Amino acid sequence: MTETLLTVSNLKKYFPIRKGVLRRTVGYVKAVDDVNFTVHKGETLGIVGESGCGKSTTGRSILRLIEPTSGDVLFQDKNLTKLSKSSLRHLRQKMQIVFQDPYASLNPRYKVGKILERPMQIHGLYTPAERSKRVRTLLERCGLDPSAANKYPHEFSGGQRQRIGIARALTLNPSLIVLDEPVSALDVSVQSQIINLLEDLQQEFGLTYLFIAHDLSVVRHISDRIAVMYLGQMAELAESLELFDNPLHPYTQALLSAIPVPDPEVKRERILLRGDLPSPANPPSGCPFHTRCKDAMDVCKAKKPVWKEVKPGHHVACHLYS
Amino acid sequence: MASYIIRRLIGAVVVLFGISIITFIIAYAAPGDPARLIVGAKAPQSVVDAVRHNLGLDQPLPIQYIHYVGRLLQGNLGFSYHNNLPVTELLGQRLGNTVQLALGGWIVELILGIPLGIFGALYHRRIADYILSFLSLVGISMPVFVFGMWLIQNVAHGLGILPLGGAGGISHLILPSITLGVTGMAFYQRLMKSSMVEVMGQDYIRTARAFGVPPRRVITHHAMRNGLLPAVTYAGMDIAQLFGGVVLTETVFNYPGIGQLAWQSIENLDFPVIMATVLLAAVFVVVANFVVDIVYSVIDPRISLS
Amino acid sequence: MNNVALEPSLSPGAGSVTQTKRKFELLKFVKRYPSVVIGGLIVLVMVIIALFAPVIAHYDPLKPMPDGLTQLGAPRPPSHEYILGTDTQGRDVFSRVLFGARVSLEVGFFAGLISLFIGALLGVISGYFGGWVDMVIMRITDMVLAFPFLLFVVALVAALSPSVHNVFIAIGVFGWAQMARIIRSQVLSVKELEYVQAAKSLGASAWNIIFVEVLPNVVTPVIIYLALAIGQNIMLEAALSFLGFGVQPPNPSWGNMIQEGMGYYQLAPWLIYAPGISLLVATIGFNLLGDGLRDWLDPKVGK
């Protein structure tokens, strides 16, 4: 039986839209709208979706970098959304984040050594000598020369900076790391190096990853399970192989058909998505995907589909399967 | 649009309230007993107490403030014991003079500053621009009263062509207006120049040039509208600055306006007048800002009003 | 071994190369940012004058000289003995100008510090915490910016009673609004950067983030603004003293010297020109320095 590390239930993040004399709230951008999933210990859960679908907001709301509007996040049997600020700060040691932009995520004014020691200083871990030793070990473990500690972030390339960002996330010995599009800003050749590094580190330190990406092909390789998001809601969640072999949601099918196949002999029908992504401030009624769905039925416009497990471990929100 | 205007109006009223509170507190904290000032130093204490009671000065501060605002709303600005006149009457005598002077200064600022700025942009990085930039720096750093004295000595007295001071007719306005406007003129020159230089470097201007639109027309038809935006913003905010200058200019030129009145009343600790002049100045500033916001939204359609 | 032998003979040569390189770079800097250099020099001279006024001045700025007035009782024009002449009471104008620099700098600097402190505190709180706190602080800031500044400062000084301290307190207390706005906008842009989010995710407290991640990135605009603000404050102090609400006679300030000389502009124009030109040069210095620093340190804002 796999152990559950993180349970997200009914997570919502609404950003208010204000108008008028009194700046009254006239509506909401439902960036994350009633999202449910669990993450098992030691696995990698990929979250995929177009930009603006709320996947990053989901990741950041879980860590409470953005305060969620409602919902519960159970992490190591503690409800993060109910924790006080100080106990949350304490628990942050166990959950870390790696950001998309390796240029913006490191303060240009400090040397790498200082950037990496800072988390340990904040939490009062180790002696100064142990800290600097640990920094060097971690740099080396992440594929950088220990002398990197004496340099400034601007002296490194994007890939190297992302390694520094990963080393920083590791300084506190976390059990969960949210990877917020960690390779999207990198060259393709560097992407696979970073993904390999992440896999090695996962094995070595027993890490659990929540891997956010906008591209299925990136997460396919590293993820045990994959969740697909559309307009702030979960469309489908299944084990990686199952999702690729047997996609149920028409949106997932469309995304999969867009992945190029290296074999020119294989003829595949490309499912083109009609129209544009609707605005999350004014999402379509019923199923949010019905405006672009090839299988849309009348019920899709009227009723929101229920998120349910149609096969063991395979969840989908679609009227085709209810 | 309506909601935008209403919000700005509420904001303006809040600002005026804040200013009235602060002036009131300053007046209250000031040394000297107003009742004693009224009856004179030799009057017995019982008379002072009676006057204080009559004026409501023995009541708690918030009550006094409420009474003060109540009187303000009825258009009663109080009574100047020093001048033995109601404050409204005192202001009325001088308001016209100050409005003329302020307008004069404003015209000098804008009428000279903006074209000089455009001129500087046209001759960007050439001798004329460098000379103009240096003069602007001097203008911006020039204390109003030093420049005023210099004009009095060299133009009014030295050349003997314009009056040394006082009010009455256009000739009395020329030197004070120049004095008042010179800092602002330098400011607008710089602002306009940098804004024009920036606009001229933009793609749509280059496109217009590439299409063969004559240079003069590029400036008047294409660049000016956008280049003017920052100047318009400041034209309103500037009134606050201008009023500071008015006090100094009127003092130097012995010009009978609100600024001179404010100065004299501060010297005499004549608080009803001080509070009235400060409030009046604040009203000018707030109204000007309000108008500028509306004008701005007309010039630049990108500013959303909702 | 070879390396060790070579090293001593190499290093002097290398040293002189870097020295000429440095000289060259200094020249390039002067050419590129002349306003920083000129403004900086003016400010430096003023600081030296203010610090060493008692050493530089030959005469007591407060004491009428025995031969300070002509037989008719008029001030003496500039001469070898009194470089900038004497004033109506027979005091040495040059010494008074030197001591006036002291007052100007003192007021300019301390008023700047007060407004920096208030502005930084409010700007950081406003920008970092946002929400209703931000709204309240920004409305107050708008209000202060709408004040007829000079009138308020004059009224406050009059209410507190005129003195050097009260002048810089009054200027500082009303002068922070611009600073608060600049710092707030800077904090707003820094706050959204991912390294601030990273610090948050590492468990750093709000004030820890403000001091370690945010404030170091706000220093540049603050320095630029401080230079400009000191120039403004010097001008304001002079205006206050000119109106009679600043430094009180017999203590010299450029403003009250001009005020005293106003009635004698025909007879003794140096009474106005000596302090007036000093004041003008000082404000030019600070304005040049501020503008130059902006071009140099903040290429985004500088035009």
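Letters A, B and C mark the chains as written, and numbering starts fresh at 1 in each.
We adopt the following convention: a residue touches a chain if its C-beta (ideal position, glycine included) is under 8 Å from a C-beta of that chain, and two chains touch if they have at least 3 such contacts.
These figures come from a predicted structure and were not determined experimentally.
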Report summary line: Chain centre (avg CA) closest to assembly CA average -> C
Query raised in the report: B-C or A-C: which has the larger count of contacting C-beta pairs?
Result: B-C
Report summary line: Distance between the CA centroids of chain A and chain B (whole Å) is 55
**Report entry** Length of the line joining the C-alpha centres of chain B and chain C, rounded to whole Å
**Finding:** 24
Report task. Round to the nearest whole Å and give the separation of the Cα centres of chain A and chain C. Result -> 50
Query raised in the report: Out of chain C, which residues touch more than one other chain, so two or more?
Result: none
Requested in this report: State the interface residues of chain B toward chain C in the complex, per the touch definition above.
Outcome: 11, 14-15, 18-19, 22-23, 26-27, 29-31, 137-138, 140-146, 149-150, 152-153, 157, 194, 197-198, 237, 240-241, 243-245, 247-248, 251-252, 262-263, 266-267, 269, 274, 277-278, 281-282, 285-286, 289
Report summary line: Per the touch rule above, chain A residues touching chain C in the complex are 60, 63, 65, 89-90, 92-93, 95-97, 99-101, 104-107, 109, 118-119, 122-123, 165, 168, 172
Query raised in the report: In the complex formed with chain A, which residues of chain C make contact?
Result: 193-195, 197-205, 208, 212-213, 216-217
Query - chain B-touching residues of chain C, taken from the complex the two chains share - result: 139-140, 142-143, 145-152, 154-156, 158-161, 231, 235, 238-239, 242-245, 258, 262, 265-266, 269, 272, 276, 279-280, 283-284, 287-288, 291, 303
